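Presented sequentially are two complexes of subunit A, the first with subunit B as partner and the second with subunit C.
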Partner chain A sequence: MRRWRLTGGQIALLIVLSFLLLWEATVRLLGVPVYLLPAPSRILRTLFEHPALYAQASLLTLGEAFAGLLIGLLAGVMIAALLTLLPGLEEGVMTLAILLKSTPLVAIAPLLTIWLGFGVLPKILITALLTFFPVLVNVLSGLQKAERHHLELFHSWHASRGEVFRHLRAPNALPYLFAALKISAPLALIGAVVAEWTGASGGLGRVMWLAYTNLNLPFLFAAIFILAAAGMLLYRLTVWLERRVIFWQSHPEA
Partner chain B sequence: MNRIPAFSLILVLILLVSACTAAAPPPTPTTSGPLTLTFMAGYKPQANLPFVGAYVAKEKGFFEREGLDVTIEHSAGQGEHLQLLTAGKVQVTTQDAAVLLQRRADPGLPLVSIALIGQRGQQAYAALASSGLQTPRDWEGRTVGYKGTPPPDLFALLKAAGADAEKISLVNVGFDPRILTEGKVDVYPVFKSNEPYLIRSWGYELTLWDAADYGVPTLGLTYVTTESILQEQPEALRRFLKAALEGIRYAEQNPDEAVEIVLKYTGPQADPQHMRYMLESELRDAKSATTEQYGYGWQTLEQWSALAEMLVQAGIIPSIDVEKAFGNRILEEIIVIP
Partner chain C sequence: MKVEISALSHTFFTPQPRPALLDLTLTIPSGQFTAIIGPSGCGKSTLLRLIASLLQPTSGHIRLNGQTPAEANAARQVAWLAQSPALLPWLTVEGNIALARKLLATRLNHQMSVHEALQRVGLEDAAQAYPFTLSGGMQQRLALARLLIQNAGLWLMDEPFAALDEITREQLAEMLLELWQPAQPTVLWVTHNIYEALRLAGRIIVLSAAPGQIVADIAVDLPHPRREDAPAFQDLLREVRAALNQAVEVYA
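Right after this comes the complex of A and B.
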């Protein structure tokens, strides 16, 4: 006898579909007006009625998010490496990083426009500022948390500081880097959208802002759907990459 | 893993993205030949009359005919257009006359209105017709919403209508007319040319009160620049204003075409009929006894003084030199009497 066995992906799909169905049914049964909450069917129709508009906006926003994430990632990893090799700098640099992290970026977005113009540069910078902190904190702990007996072993081999970093600390930090990426990748999307929301001539953030100020909710939610899908894809991509890169760790869910 | 290709890929990506932004040189003012100017609409793209003037002038080639290359930008409406104007990144923007006076008083921005497009204020107060409220006196015991800070004409309106402000509860509600239709507030301030259309399109009847009807001096949107831009780039401003006012007159004569032009800027999120409503409503408020005589945008010391006096009495600004806040100098050079 054959048993029905669902894979993880199928279960996920089922859950999402039931959620959408429940949403659709609630809106229809209660007669919720479209300016309060549009039904998923209406949202998807809007999405498919303007494929070029959404494709263009998504491409711009994803490009900004990706570029910002890369810069944030590189900056976070480089600063973490620097702080590991020169531990004396840690307190000063971390204080500065926390100050930067605590700045509400929405408030300084217009200043970035004054300095960097109306183009995509300020959006990339905001995204980079938003994503670099989780990378810095995680990678720094990874680099610093090499196990004592490993360190002793390396010392007994007379390994130089650079060799310890390269062969012990860096591989040790990789799982931390991926944990950070899982936080930072979706953050990058939010960063790009928020940056566009505060003034841009294109992108999903602008589409959403225009839709919201016109109270055109199907348009707004269509953009949210795209962002949600993109966030999920990015997350899956990170997980996939993690398995390829950190092949020595076991993956119970694989 | 091979590191070099991965790293160079990242580099190439960063270079590609930054290459896309390297363009857009800052406008360099000269005294002869084609000039450049950046106009920033003070809010999102929509059919506010000063925005329409610029859109039409751009799309119909009026700017080009004047030898002016205009870049149109939009503000998210958080005041960054004034910041960019005073930083010199933008040469002309739009601003409500009352807020212009407030920003001149504090923090002392050197703003100058070069044309007063809205001869009456943009705001009114709305209640659902089903609430049965007839006059502002009926607001006593009710909840009145406001956006950010209570509008200065609110207290003047209450006083003029004989209502007791102490008996009204004021709450900050932000921009969202759904607050009114969902019954969270009884009275909600609206932009006359905007939310009434939306709310009515949802099937609600509205009662509107306009402070101007109670004799409260109110003024609408201006084309605004700064004292130093007025000094240094009068020719670019003259060309801009001439073409933009022509754009407004063109929109008045050809409203269908004007709405189509507006939609190029708003994208499909906007409702064409909503934009038409906004355009017609703002065209009505752009006319006054003054503009009958001198054309769109004309402004007088009496208008500005009355508004400033109201703001002083409401305790919103200290008394300021109103004459510096506006100037017809540019308008005088291009005057078109209807």
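Right after this comes the complex of A and C.
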């Protein structure tokens, strides 16, 4: 007889569905009022009753998140490369980066809104700031963690620093880049929403803020559902991409 | 490439001073296949690292055809192979050789193609495979092909086959000899295995336990292929064994 085997994706779906069912049952059985916690069915109905509103807001927020992530990614990779090629700069630049990282987002976000207005630019910048640091730290350690036996081989070829970087350090840092992406991609969504929360003319953050101030919880949760789905999708996309790019990783080191 | 080592000493400071090599003087004529054998921690690897300019000696001199190790390294005249094949996992078999060829291109004074190098180690059919799909023996063969394409005057080999099983190790030792025969570069080959040393090398240097000093310098004048049951082989085996026992006792 054939044994039933569930894939990882099926198990995840099952867990999410059970959670939603439990939520639905709890709300209905205990009669929780909708201004405290709406049932999932109510949230989904709200979502489908206002498709244009949510589509527009999602597009804006996801666009900001994606643009910010891209900038954070590029900046992180470029600075990590620079610090590897010019190691003298590392301490100074890392101190600055940590300083930037430890400044609370809620302090920077309103400032950027004051300086740059209610448009998309401050949201993209905040997302970039938030996603930049994990990329910098991970990629830098990936670039520096070349194996000793590989370094000795390149030494025996009298390879230049640039050649070692291009043919050894850069490919070696790819797994670290994906590890960073797994952290930074969900952070990008948070960055965009938090930035919108502090003042925006549109987006999911704006929708959530409006719903929150009106105690319209189905509206608020509908936005959260979209964000959760987007975060999961982004993570899956990263894993899918990772498997294709770093095909040698799942095998023992040669 | 002639290797001249005079009064070479090396001490590690980690953090207590730990002498690894002491007052080593040794000349290896061009084209000699030399095995270096000794108890573990006797400074064999340190010696190779000093010649490869991976380390700077505390005192003494090394000259490779009259050049310093750094100069010979800059001329890409010193090839290196260690226990790990150090293959790049993101490149195919062919890609690994092609990269060596590309980075060494300005110094290659011969025109060995990637295909020819792979053919010499019997890997031409695996050209498109990735290293992680190969067995340990095949990976080390690939490393040998990469060594070959460098066309260096000196091969430094730090226990290249130590991680392999007995049968594969014998096959690879055989192959190493075949690859060495045509151009006959100087070989400095660190090994733990007395039989392996006696089958391949023209000379065996026995080093004492740390700090490494030369205990015996034994010429192996036997024609290839060598038979282990030949009386001359057995005599040399006893001689090397005796020297090794002495090497362990010197500082014990």
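Some points to look at:
One rule holds for everything that comes next: the second predicted complex is superposed on the first by the 249 of 254 C-alpha atoms of A that agree within 3 Å, B and C clash if a C-alpha of one lies under 4 Å from a C-alpha of the other, contacts with A are read in each partner's own complex, and residues count from 1 in each chain.
The rule is simple: contacts are C-beta pairs under 8 Å (C-beta built on N, C-alpha and C of every residue); 3 or more make two chains touch, one makes a residue touch a chain.
Every value quoted in this text rests on a predicted model; they were computed, and no experiment measured them.
Looking at the shared chain after the overlay, A:5 reaches neither subunit B nor subunit C. Of the two partner chains placed by the overlay, only subunit C lies in contact with A:157; subunit B stays clear of it. Of the two partner chains placed by the overlay, only subunit C lies in contact with A:149; subunit B stays clear of it.
Of the two partner chains, subunit C is the only one touched by A:248; subunit B is not. Look at A:197: by the touch rule set out above, it reaches subunit B but stays clear of subunit C. Within the superposed three-chain arrangement, the count of touched residues of subunit A is higher for B, of the candidates subunit B and subunit C. In the superposition on chain A, A:167 makes contact with subunit C only, while subunit B stays out of contact range. Residues of subunit C touching subunit A in their complex: 52-54, 73-76, 78-80, 82, 84-90, 99-100, 103-104, 130-134, 139, 150, 156. Subunit A contributes residues 147, 149-150, 152-159, 163, 167-168, 171, 174, 246-248, 251-254 to its touches with subunit C in the complex. Within the complex formed with subunit A, the residues of subunit B that make contact are 1, 10, 13-14, 17-18, 20-21, 23-24, 44-45, 73-76, 78, 80, 83-84, 87, 89, 175-178, 182, 198, 202, 266-271, 274. Considering their complex, residues 33, 35-36, 50, 53, 63-64, 66-67, 70-71, 74, 109-110, 113-114, 116-121, 124, 197-199, 201, 207, 209-211, 213-216, 219, 245 of subunit A touch subunit B.
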